[in-house]
């Protein structure tokens, strides 16, 4: 096993897929000489040439729509939105074209498109550069949604996403890019729709994804000191959802906290809470509880941003409250 | 009391506000001679002239952004998106500009903008013209979200929305426009954030909004025949939410079904379910249950569309299941 | 008798296709009035020469994206009237198995990359098709159909800018019928034509009589050849008129009667028939074509009406290509 | 000694303002390197003549929208360096009380309708300001600042089309520094200039030396006058160069060293100083201005550093103007 950063893991995964399948192309701003702002496509232009690394103008709607057209013609474009917040200017090709094309054509068409985007708070990037928007995508049938937390997962999942015949939104947390972790030497895939228990526990299930996985693990360590044994379930993929993994864990612990970095109102946490409540009501010893960002715009000042989104101590607090401790 | 259609009620409300405040302007496609496809601005061009009725090119992003700018300069623009589905091409001005401007400027700026849009399924308009997207807006802090169901409510709420200093998304169900109902002769306002009990009942609370209010009322009549007394709570405004009204009703009936026409996954129903579960767990005799559209793209064929979104019998079924009847 | 420039096959083929479209859409208006057609129906009656002239300049292997007003484009590109009719009636035998309807007719095998309900959304999709041909080094050309008013969408600008910068083999085909629903294009745009916007991308732009299929054909042929030779995109603007409302049910009272009457005289089908007769074609032969089209469309209607609606259980299929059931379930 | 055309006050004012911007941003680079500045910092070092030339042609009551690279625009439009510095340091004394930071500096009372983190998003906002002036019949002109690469956003096209059709009093001001982050504009756009796109809207478009504040001033003045007279919008393109990376931390290795060196010779401030001396201004007087600016910015830094961060409880205020608490609560 080698140790590489999450950004390198994504780069490796994409590179392997580009080598494997000539239909895989990269589309987005600054992917060429710069290799993208987070260095995800570094070296691709030299290795694969401008025919496979399409460095675009600042025209998100145009180039995402273009990628949809290319996907309909059999290409497998991987689009980068420089920040997920900019999906605001590419929403139509994502939600009304890519997501719906297969259904509207009665299953004639596949749209094997990946839209990658960095997301997340904590970098003091203020209101228009710090959002977690995974929930918006989960509300649009036709899209799959992936939010990896580790280098190993990121690599295996980006490969699965590229091979998947559906449009996949692949959300990378900016503050995870630099994390170095062990990644298998040999080729591997992590199928979409498989959650992963990142820490086993018996008292409570913390369901989460992306950067909050680490906060949940930190919280779990903290809780362990007080005799609370928390299980941390990293969903990895939000759509399709690994319900079996959730069910299993809930039936074991009977208590659930859902944690996400995006704002709480209408966040995916609500969806999970509702499903668990509807289907596992009798298993629950306590109400499913959510820990999520406040219903406000991402603020700039560090004092405010730190108060905006969940930190390990918020998780600890929520767990204790749920368990009446 | 006079009887007018919901479209006439909205028209009346907007006209009164235009007469009252010269800063109120209409912005959108086909608002002039045509008076908008659903006749909402009929006669406005003649009465108020082209300076107040801005008939735009097909440039949703441009004219919605333009309205944000006008609002920042003290106007009170009412933007019409011809179908809410087209917010896909106006998402940036809505979610990254209008919603965030006040916060990002530290409270300096107000954006008194109303974005009106027809929504909803049932007209066989297929994938890109039939969505209910209220949930997307509720997930964006800074926006208020209104979904009226009656002529009286629609008129009172559009007036409140225009007077409100925040951006308000005002969603009108296409299949309600023609409903004629009694509306007070005298001027009135219905404040944002007040739910309305459309039917009192003691056995179960059906929380809903927009067209599903009528389906819930139909279901309630059906249920009454079987001795089940359902309360129908019409939220009218999703943000701000009238939590007090929900709490009161839940504490009375101890059973809740949330019904909405938009797709179930990550729908606002999940948010409501989560809140009710978190805060009123001990009041609940049964798990909060959702009735919503399937997680698919709106289909065209009538057989499919009817299977896509909830109908009264779906509500009846859900209620009976919840009550074990 | 054979025209020097155009073969009999081509000319009569154009005539036939224009009639196919006209008769197809006239039946739509009839069934819409009867309340038997669902959704929004945007006819291209009066605009047939554009679709036919354009597609005459294309190879079978070429591609196109269409709009909300797309029946003519798809038929001209080779779609079958019966399968399309079935789709418009929401039947399981339709192109999209009843899931799409009028605004989503698609047949990728014929190069029809979808009609579209979002104004301007087909333009980047066509651009992506052009990009694909360029990457693959294959020779297909893609046509992006759009209306005059769609040219005010950002996607028009973003797409043509990219295509121009990268010399993509795309023809941007503007059907200028002077209106976007009720809005006269000149009240919301400051140029005389749409084609002159080509200057902003340093590509060719021409405006032609869209009611003359041969004039359309010539202009598009030139643009297609150019694209196929790797010289990049063009804008071709075809001036035309929709002879009915924006959609069925729209009385189109926002248009000046006089202008409507003037355009009525420019009916592309009548005028082309006159031209063919002048060129020496036998009226009876033309009559036979018309009758054949009448019969074809009647059969299409019958096919549609005889076809079943999709089973309600189909509502959850086709959302995802992989792992559909699980992805739809929750 | 007084220049025939320009008053001493104006010329020295321009010099002073360029220095204010330069020194402001140089301190930013310093504090960024120290790790004391948060977020993304996009400096306009090398581009000061644009902001200063533009704003010299504006009245106090005129409006503008800015971009991610907006410090210069806001200072030139009248923003105070200390309050702005405090904002960039995330302090409660800043223009946005620490909630916005570098990309969101706003002061409506000065006509600054916001910087913007979304490329191209300020353009329609400026257009809305222009619409307001037109509706109200007031005489303010609004300038929309944007970069060369922002001109490839759909909002550019949609906004200018509307402004042209309705003759809105807006000046579309393109700062062409040849790059969008690492992408050379000529690799993604087919025209020599951005201004020539004006043809697509049938409005005037000019390209000027953006490193010469007087040339910028003249071109903008003409466009502003035109707008104020109700004759509609223009595009003014100012050719310039950012002397640093896209944001702090970007080594900008994607740019050719030779071209960078060439542009270094065109430093707008040095050249303007030379010009002033040639015009007979006293070097000492210029020196004094420079020192005053040095002092002002030092004081601004001190003000920022002495100011407190906002209290965490402020995180939930200012989301809504009405009913904030309830609207944020759930």
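Chains here go by letter, A, B, C and D, matching the order in which they are written, and residues are numbered from 1 within each.
The criterion applied here is as follows: a residue touches a chain if its C-beta (ideal position, glycine included) is under 8 Å from a C-beta of that chain, and two chains touch if they have at least 3 such contacts.
Bear in mind that the values here come from a model prediction, so they are computed numbers and not experimental data.
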Worksheet item: Hey, which chain ends up farthest from subunit B, C-alpha centres compared?
Response: D
Worksheet item: Just curious, how far off is subunit C from subunit A if you go by their C-alpha centres, in Å?
Response: 40
Worksheet, complete the sentence: Taking each chain's mean CA coordinate, subunit B and subunit C are separated, in whole Å, by 36
Response to the item:
Cα centre of subunit A to Cα centre of subunit B, whole Å, reads 30
Worksheet, complete the sentence: Averaging C-alpha coordinates per chain, one finds the centres of subunit C and subunit D separated by a number of Å equal to 45
Worksheet entry | Residues of subunit A whose C-beta touches two or more other chains | 56-57, 59, 61-62, 85, 88-89, 92, 96, 103-104, 126-128, 141-142, 239, 265, 275, 294-297, 299-300
Item to complete: Could you check subunit C for residues that touch two or more other chains and list them?
Response: 96, 98-100, 104, 116-118, 152-155, 157-158, 161-162, 165, 187-189, 319, 327-330
Practice prompt. Between the chains shown, work out who touches whom and classify the graph as line, ring, star, complete or other.
Written response: complete
Response to the item:
Listed in rising order, the residues of subunit B that touch subunit A in the complex are 61, 85, 87-89, 91-92, 94-96, 99-100, 103-104, 126-128, 135-136, 138-139, 141-142, 239, 262-263, 265-275, 277-278, 281, 286-290, 294-297, 299-300
Worksheet item: If you look only at subunit D, which of its residues touch subunit C in the complex?
Response: 152-158, 161-162, 164-165, 187-191, 196-197, 199-203
Fill in: Interfacial residue positions of subunit C with respect to subunit A in the complex
63, 65, 94-100, 104, 106-108, 113-114, 116-118, 121, 123-135, 154-155, 157-159, 161-162, 165, 317-323, 326-330
Worksheet, complete the sentence: As the complex stands, subunit A meets subunit D at residues 29-30, 32-34, 37, 55-59, 61-62, 85-86, 88-89, 123-129, 265, 294-297, 299-304, 306-308
Discussion item. Show me the residue ranges of subunit D that touch subunit A in the complex, using the header's touch definition.
Written reply: 38-40, 90-92, 96, 98-104, 116-120, 149-150, 152-155, 180-183, 187-189, 253-254, 309-316, 319, 327-330
